[in-house]
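We call the chains A, B, C and D, going by the order they appear; numbering starts again at 1 in every chain.
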């Protein structure tokens, strides 16, 4: 699989052509760009790469950006096939290990099984702004991979390196406010994924008032580009709907008088970092920092969407054997089919108790085919150790929210002393910790639907998948 | 080899004991600290580690610092034996790979062969100042490992992670000058390894004048602690001795009038980062930055010690069949045995040509038992692509220099256009590129002493060892 | 005039009431706020002011903001009548000076004639954000003074102190760009006085492209609030109209390729600093900085409005004995009375030569009743040493420009080597330095209209008034 | 007195010679440098100064530095005689004011009596680093003035402007610690005027430990040069001697556990700012900041020298009619004449009560010929509103302290609630507020020695002189 010796002549050509420190300059347009790229990559991995690594890496990353979609796909396949491990070394390492499984043999086996592209990607990072370019490269790879599962192995190498480079220990928490540079703020507008920011004036309403906060994680090599951010409202009670938080004419309070911090929006910013988990750390760090600066704060809570509720409820309404909804319930819920039902107070009051009860069931008892809690946002917060605190009927009247959840929102409560227990309950035993008021809405004798025969293996798998899911583009808070 | 299930009871104890976010607080003194540490490490790797990672990592790193030398050694052996790969998963992965060597099987093999301690060390980094603590932990490990080669495998995991974390792409070049904070400057005094800095006044002479510069690499997570630094003198000619550069009453010039930048001292700062190479990148980056700021600079050169010359010369003097020294030469070199010979001008003139000739031989022809250039400083600069430019007789009269090299120093020239060719010549063909004046000192018909029967394998090894040697504590410039 | 002793009792009341370092807290609402303010001011000037100056100043400035318009006016009159000089000391100083005009007597005369309010205002500055509060206080004073000329003397004291505090030596030039904090950028939007900035997107077009620059002066005590700023376009030729600079779809160039820097908008920001001149220094500093960073820049030029042209032309059209316009000219200029004449190309071509000729006359020959150049923007730039470089017909089609100048704009050229000569010609001899192409448009045998019998005294006055005029709210570039 | 017209020809010469923005370059060496300087100063004040002010100011300040001592003195006399007010304008202003003392006439009188050199000095500030140059210029002036009292008037103008420019509102408090740049720290070493700092290691002991603090005022235009600084020790009791604070092996405490902040050294840094008072503000600001950061701090106290005590005691020992010392006291005090009496414990115990009693008298009753408290350090702290808290026998065994005060030190206590009352008592009624333990040492029936017939006028003078004295080079804390 190794092809180093194959490139002798072409390498010499490169060497002769020029030797600038920072770049070898543009290539001849006649050349097959992929051959050139492969040659450059081999050179970068060779001993010559030590002398001219920065120039080579710069050329490769610049070359990548000139590739069209088909060529980018071909480049990724080249990484897959040409830059895997050296197979002979690997075979020998396996043999050695099997004959004598010493630590040294293990070590060699691990190194021998490391695809050469891992070191290659590390060396790409020698280029100026290498990290940013590599994040964008993986963003492209994720797109390609969606229809080309062979590239999973290449993506695994990117993910592995990014997991190391974007380790929590390297992230910096920064406050985002109205004194933040505009080039960062325009990214906040662009990346906001939960409650759309329509203009700079709307942004100002979320950042400038004394009772609003925003925090983001940054990486030292991506100085102007946040990785994830959370928007916080400081209040004196747990809010029951989003409009009250976002409306322009609301009554502002002094931050020092606030008792409650509401995380009402969390957005991941970098598609290329999918699967690298930050949200968990972000929320906990922000809780810590807020408590230190504003000692009166006692309650840390989200106001979160319930994106999969409407779809689940539809199924239950169609389900003749529904455990959740009685025939009467179903009849009343017909109201949901009326246009603008949410503007009809009488209708609303009629369905409120049914929706609320169903939602409790949805969180506490309903499970998907993998025996997991259905709602992805719930999985994120419960997996972080939060507890389900309150169900808010018709709390978001935006078209998207009405469609996803009939406007339903919930609060997840972060109580530092309970985080670990809650997390354990959820991660190890699949239990959803919820406030008593919610638990009472659901009959206790009925066991969670799909959980009964749940094999232990599934639970283990779940914990792992959880981690991936948590890192999807959008953490609806 | 995996012991996860073993700890159920103890884990519960931890869980019950307390759940603070940042630390679980001090342990009971009765406990065996190593058992506790192992338990904490297992927990950190478990799903609970996701909820309380920061607290666990903080406790472990704090606990490590309380261990005595024997316990630290035991801790490292615990990492070796308890936190290797999961053997059953690995066996299965090998089997799968052998039956179907697909990319996916390869990937699984690579992950399955990764020792669990790699992920563990990554999670240690969740603690505040995790990176700094881990660098110090490895510093201790290197000391332990010197007499305990089993721990090589553990060190390999540290080195692997550090190689990724201290990738050139993450390093920041900063100018060190007289406006630099004192807490950083005192580290420059402490870390200077080539020409001792005796006081703050001496430091000032190296930093404050307009014709002096100093640059260091920093890592974002080690803000006040340089990784490596280089001291530079701006001059109008290539200096022939160190005293002229360091003396207090010298004539200062304006930086803008300088034509030559002299790298007269390079020091690595962090023992814990041994083997992670920075010096190569540092010199090249400094050359670039200086050229940009001071366009008149044309020559980039070192003034470097020759630490292994005296020992080699002693052997040649004792060697009756020396190719290097004639009987007459040897007779004249008896002068070196006279006390304070260096203060006797007549003696000096007598031995100057012999020393100079011998030095040329030492660099160009003499080789060690591994067929490498003998001098470690030469290997560093030649490996970086510099060329040997000039041999300076009696250029450093400090006791150490007189002992190591009879006061000999040399200049290595960094010419950007030639760096790659020079590097190739040295790395691939073991050739030392030197100025014509030096080459002429050595008869060309004689082949390098040890090179004649050199097996190809040795040369290959050399390139690899080179990399390690370059990163020794002290890069005499 | 001095009333110190008058306040004994009330002072004691203050002393008894509380002694906090930073503020004495809110007053009793029953009190006459002006009596309280007067008492606080006296205390601040007294020896007690030395011990509690910060608290007193804070209370006074906070109290001022609670005054209504009538009270603010009364406060200013209090400063005028109660905080003038001590008359007996002044009388004695005059007598001493007249009997023996020694330097010492002069010094005492100067100090004795200093109104006590000057020291009072200096002590107001002890309050946190004192400078900002005082600038706003003077802004209010300027409004009051407009209809109450007695307060001229109070304003003179503010102006005197501000002249010292906002001395060029204390101002910092900062680049304003898309990385500037949003709270400063929103002030740029608000303060822009020449070419309206309609939105953040428009602002971005003026700051973010590589061929756009913006610079502002800041004062160390007004960190987030610019004093004056200039917007610059980098081009390859002198622009003939504003639309080409501001339009979104224009072709951007690399800053390094630009040969010409165009100052197309200068705005003063602080009404309270009226009469303190910054624009002159700003332009020259920006020229210097741009030349240093972009050595290819050769031409520094404005694109400026001509705000008083239309009014002057109207008078000439009505003037039967106009030296400027012939009967034919007047007939053709009837086109200006047609609606949207500027969209009729034929009409435009018909009037272009007449407007251009008239404009040359307007600058070179026409003078106002004080024998000065009529156009205030011209007075600013010519007074700075620029020369009139080009007249641009129909260069700004905004409603305001069409009304003020029939869309006419001009370029003033800043050539560093000529600045002093040009300034001298204008300041001392009332001469307008203009490009040859402009001078040729005007018959040379006719002397400037009002200049003929100009008494020398008027010219002297002019230079002084000039200085004031330069600092009006809006420096149309 | 005005000579503007005199320079026509020479001005033209300047104008012709060159017109660079930043400097007109070096002068011809043949020229009389003072004539040139005068001409440049006149030009800077002229209208041409508006166009080329920065270049002119730069040349003048550079020229000043090339003057020798005699020329600098001549330059100052030139400022005195050539740049006073315009006498004719002043005469007219006096006449107008006498005929109609309107606010406008007063204003004109004030402006007309302002020496032209005030505006000249303001324009000097246009030069880069103008403020720093002017502070050094005044430092020279103070030296010249010492033997040339005519220049008092020139110094008054510098002092007046500096009073405005170095207004408290413009000063920035910065913490000085071990992370402060070395170029600032070396100034702390140099400027320390109370307890000598012998080396960087000693400096480190005062800055780096957790229970040590240092704060300085900076001016925005003197970024690397402190104006005044105070060194603070955080302790758990009021210290009784200096050695305990400064010794290397003392027991360090955590800052958070400290109850007491000890100001043990205050030093003014800029001779050129003599008479501009900062110390008062510095102490109060530091008290505020420390209280905010370390809420456990309750006591703010100095440990101060008593520099005039030994001289006063000598007089009392010689005074046959001393009210302070009895014959017995005097006999016992003969011990002070023994060499190294301070090392003889028995002797020390013998004289301790007498010294302590005499010190109480020295502070509470003894007054100088102007009826003021004798000790300058006492005047500073009591004038700031501190109270005399404790007398410490043999608290500083340094040679200087033994000579000045037989090693006596005292504590002054800063209690925020009492500062204003204390200040009033001292400033208005000449009363020294002291702790009861000190008051009891002095018989109450005896009135302060020189105070009995004290005319009111003297007290008033005192307050004024006080202000000057407070600003002497050295504020022994």
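One rule holds for everything that comes next: a contact is a pair of C-beta atoms (placed from the backbone, for glycine too) under 8 Å apart; a residue touches a chain by one contact, two chains touch by 3 or more.
Chain by chain, the UniProt names read as follows: A, B, C, D = MCD, Malonyl-CoA decarboxylase MCD.
Note that the structure is a prediction, hence the values are computed from the model and not measured.
Put simply, the chain farthest from chain D by mean CA position is A.
Separating the CA-averaged centres of chain A and chain D is a span of 61 Å. Look at where the CA atoms of chain A average out and do the same for chain B: the two points lie 38 Å apart. The set of chain A residues touching two or more other chains is empty.
Chains touching one another, given as pairs, are A-B, A-C, B-D, C-D. Contact residues on chain C toward chain A in their complex (touch as defined above): 178-183, 185-186, 199-200, 204, 208, 224. Residue ranges on chain C touching chain D, taken from their complex, read 15, 19-22, 47-48, 50-54, 80, 84-85, 87, 94, 97-98, 101, 103-104, 106-107, 109-111, 113-115, 122, 125-127, 130-131, 150, 152-153, 156, 161, 163-165, 167-170, 172, 220-221, 280-281, 284, 287-288, 383-385, 416-421, 423-424, 427-428, 463, 467.
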